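Have a look at this one.
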Amino acid sequence: MDRRTHDRYVERAMWPIGRGDRFFWIAVVVLGALVVAGLGAWVYQIKNGLWVTGLNQKVSWGFYIINCVFFIGMSYGGAMTSAILRLTNAKWRAPLTRLAEATAVAALLVGAVYPLIDMGRPDRFFNILAYAQVGSPVVWDVVAISTYMVASIVFLYLPLIPDLAITRDSLHKSKLAPIYRVLALGWKGTPGQERSLARGVGIMAILIIPLAVSVHSVLAWLFAVTARGGWHSTIFAPLFVLAAMLSGVAAVILVIAAFRKVYGLQEFITARHFRYLSYLMIALGAGYLYFMVSEYLTEGYLADQATAPLLEQIFVGTYSPAFWGFTIVGLVFPLVLAAIPGRYAIARACSASLLVIGGMWLKRFLIVVPGMAEPVMPWDWGRYAPSWVEIAITLGSAAAIPLILILFFRFFPVMSVHEMEEVEGGAPEPRGVVLMPTLAEGAGK
Amino acid sequence: MKRKILVFAAALVATLAFIVAGRGLLPGSVQLRVPNSNTISQNAPMPGHDTTPQQAPQPIVAPPGGSRVALAVTTGAKPELGYIVSATVTSPAGKAVSEATVRFYDVVDLFGQREELIGSGTTDGQGNASISYLPASGGTHQLVARFAGQGSLSASLGTTTFEAKVTAKPYVVDQPPLAGFSRAVPYAVGLLVLAVWGLIAFSLFGTARGVVATANTTRRKGETA
Amino acid sequence: MAGQLTRRQLIGTLGGVGGAALAAGFVPVAFPEAVAAEPQTKQRQWAMVIDLRKCDGCKKCTEACQTTHHLPQTFEWIKVFEMKDKTGAQYFMPRPCMQCENAPCLRVCPVAATFRESDGVVLVDQERCIGCRMCMAACPYGARYFNYTDPPVAQNPFGHPTPEFPVPQIKGTVGKCMFCVHRTADGELPACVQACGMKALYIGDLVEDVATNGDQTVRLSTFIQENDAFRYKEELGTGPRVYYIAGHGQLLDY
């Protein structure tokens, strides 16, 4: 990378900090309004009780549990993308890791609120700590999610330290300078500091993968430990983990595409990056398809009393539009779309990601709602339709993720400068080592 | 480095000890808040209860002038199989009544005194009917044999008490399978969770400490080579 | 860096581990088993026998239950199912809480609000319940009911609902059949047993091996053996304490 590219990289990475053009404020107001509407709906629900939702005695879990699994799953993709790229020392990761890690934290913050929203008595949340019964999957969830949340925040913060130092140095007149100074921990880039940082980031990159696996396994066990037909499945934990990775990588693709466009990072985040991430998504999607076939085949072949009516409803009954919509439009088609070589790689990756995200939400719906609605006693199938409260909260929480990201990158560099210097050999010298052509060679064909 | 590991291990053990000790100290961790149900029954009239009095126990008195039922309890040849409860039904004239159905009851206290049906038999030519009975609990049992009447014979009953020394196997609440095992697992997992938190803390605080401590030691990176 | 251990490092490590423990809120509680407030004179192990030969589906049991516990119409803690077998024969099956000995609801409760009394009855402490509804997902009998709305107004002599007398229900928490322990402690039959005109419901004690429907009193073990009683979904390993005697509402000569 030559001096000029290097400087422009730093310039683009720092560009959003403190900026506030009209688009920024429009985005903040629109997203903020959605979030406020969602919060308002939640307050309304807290005041009135859970009857304002579409939940009932038979289907007592609905949108909130779906969203909890969905958003926490999304967060996994961000963390995993970053961790895997670091561990495999992929040279093209530099402009992506920050965005991926921030997406992970934002989605997790949103997803972790959902158990609280779902509770009949949120005022008693601390009972979970005071009377924790370790045999309960809910307690496992609380432990796993809180651990994962702290870990992913640390994982976001540690690689940020050198960039905070750059921010501190370039914004020394800003009112926020003392905050940057404290957060940067006196980073100067000495070899000792580099060593400490590399060690810390290394540990976290390794740790975050099993942690994320544990979170999604535990979320799956929430369902799999019950005696319900569609839920009591040994494959649920790996299935959830794979689903999380899949939707997470899709989310990362979308986030990267959006920030690339709006923050003018086209020069550094290229079609190549999207192609690589698409490959990751395709591999995960194919794996998911395989797991799904394995699950439905073993259940459907035996067709015992507990699962057969459920599969019937899913394949040819009430839920068949959702199921086939998810399988074809939300899984197979986007994977093919992303897999075919050729032009419009970015556009194809983005539309595929959008479809995959929608599909994965549908899949969570297909796990939670039919599993609940299936009669455990000789009564009719349960019915569930979300109320406006649930829809408002869902939309508000979905808007919260981009809002958190926009606000975060108003204060922190959007691309990792330090990492770029590291993968480029650390020398911001005019040596003519160019980042992008190297990348281009890597997967040119 | 060795000392560091030792200190970390010590901290881990201390925390674990704290947690184990905390089981009894923290509110509600073991002792469950269960109000005394006896106070409910003694002190407070329960709303919503039926005001109709409980069915009064049937008087265990033989109607006068009918047949007679004599009841006796003997230990059988194999005591562990239970006691032999036998009734002899005779007419007022003292003649044995055959082909008479006799129902045997044990008087129990379940929502008031009740006669628990423990078996029935038909009398033989000597007017004898017997069952074998292995009570569920030891102690004094009051037994009743009831003859419902037959032809011109009116109903009658006989009672006796006996001291049960041999009883049926007491009811045991089954422990769920793997109960002990599944109680131990959380502790192992808890250790793992603690180790993970330790690692996270180590990467955060260790890195922070390292960055602060080595801020002024050597040349800037890039000045080497 | 290596070798020397600074005070700061020590505090950091200790703080990290201790903080982790606190933050994780890791207070292990074994599966909550019986902790009776006071030993009763007789240790009962409550069980129920439901004679389907007698049940005519009148739902008097459900009504009595709702009256006793001040429940709304939709709360059928004992629910009467209309069943049809392959031959078209119709019968009715009342379903109370099975008071499982290996209760899935009890195991999944994160705050041990569901617990087992020493007499085997599974109770819910609605003043602790957080309303996560995990127990409703876990119960294979659909016996649990969540209070989405405010329960009907009712007086409670204690001024607040207790596990033994959960009246009125608490909004945002889960409730279920509790074998009327507030009545059995009084020496009264459970409301449903007392209300059953067909005398199809028997409440019994597994320890004393006796059960009664208010009229007849039978030896529990003999009764369920001789009538080939079964337990609903026994294969799930929940150890239900409710026995059913198969039948079609036919007339019995006793």
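Going in written order, the chains are labelled A, B and C, and every chain counts its residues from 1.
Following the convention adopted for this analysis, a contact is a pair of C-beta atoms (placed from the backbone, for glycine too) under 8 Å apart; a residue touches a chain by one contact, two chains touch by 3 or more.
Keep in mind that this is a model prediction, so the values were computed, not measured.
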Quiz item: By number of C-beta pairs in contact, which chain pair leads?
Solution: B-C
Quiz prompt | Chain separated most widely from chain A, comparing mean CA positions | solution = B
Self-check item: Between chain B and chain A, distance of the C-alpha-averaged centres to the nearest whole Å
Solution: 49
Quiz item: Which whole number of Å gives the spacing of the CA centres of chain A and chain C?
Solution: 40
Quiz item: So what's the Cα centroid distance for chain B and chain C, whole Å?
Solution: 15
Quiz prompt | Residues of chain B touching at least two other chains | solution = 26, 28-29, 186, 190, 193, 196-197, 200, 202, 204, 206, 209-210, 213
Self-check item: Where chain C touches two or more other chains at once, by residue number
Solution: 1, 23-24, 26-32, 112, 128
Quiz item: Out of chain A, which residues touch more than one other chain, so two or more?
Solution: 130-131, 134-135, 143, 147, 150, 192
Quiz item: Which residues of chain C touch chain A in their complex?
Solution: 1, 23-32, 74, 79, 81, 83, 93, 95, 104, 107-113, 128-134, 136-142, 145-150, 171-174, 233, 236, 238
Quiz item: Which positions of chain B touch chain C when the two form their complex?
Solution: 1, 3-4, 7-8, 11-12, 14-15, 18-20, 22-23, 26, 28-38, 40-41, 43-50, 54-55, 105, 108-112, 114-119, 136-137, 168, 170-171, 173-174, 176-177, 179, 183, 186-187, 190, 193-194, 196-198, 200-202, 204-206, 209-210, 213
Quiz item: Touching chain C in the complex: which residues of chain A?
Solution: 49-51, 55-58, 60-61, 115, 118-122, 124-125, 127-139, 142-143, 146-147, 150, 192, 222-223, 225-228, 231, 372, 375-379
Exercise. Enumerate the contact residues on chain C facing chain B in the complex.
Key: 1-3, 5, 8-10, 12-21, 23-24, 26-32, 35-38, 40, 42, 45, 67-70, 101-102, 112, 115, 117, 120, 123, 125, 127-128, 154-158, 162-165, 167, 181-189, 191, 194, 203-212, 214, 216-219, 221-222, 237, 239
Quiz prompt | Touching residues (chain side chain B, partner chain A) in the complex | solution = 26-29, 182, 186, 189-190, 193, 196-197, 199-200, 202-204, 206-222, 224
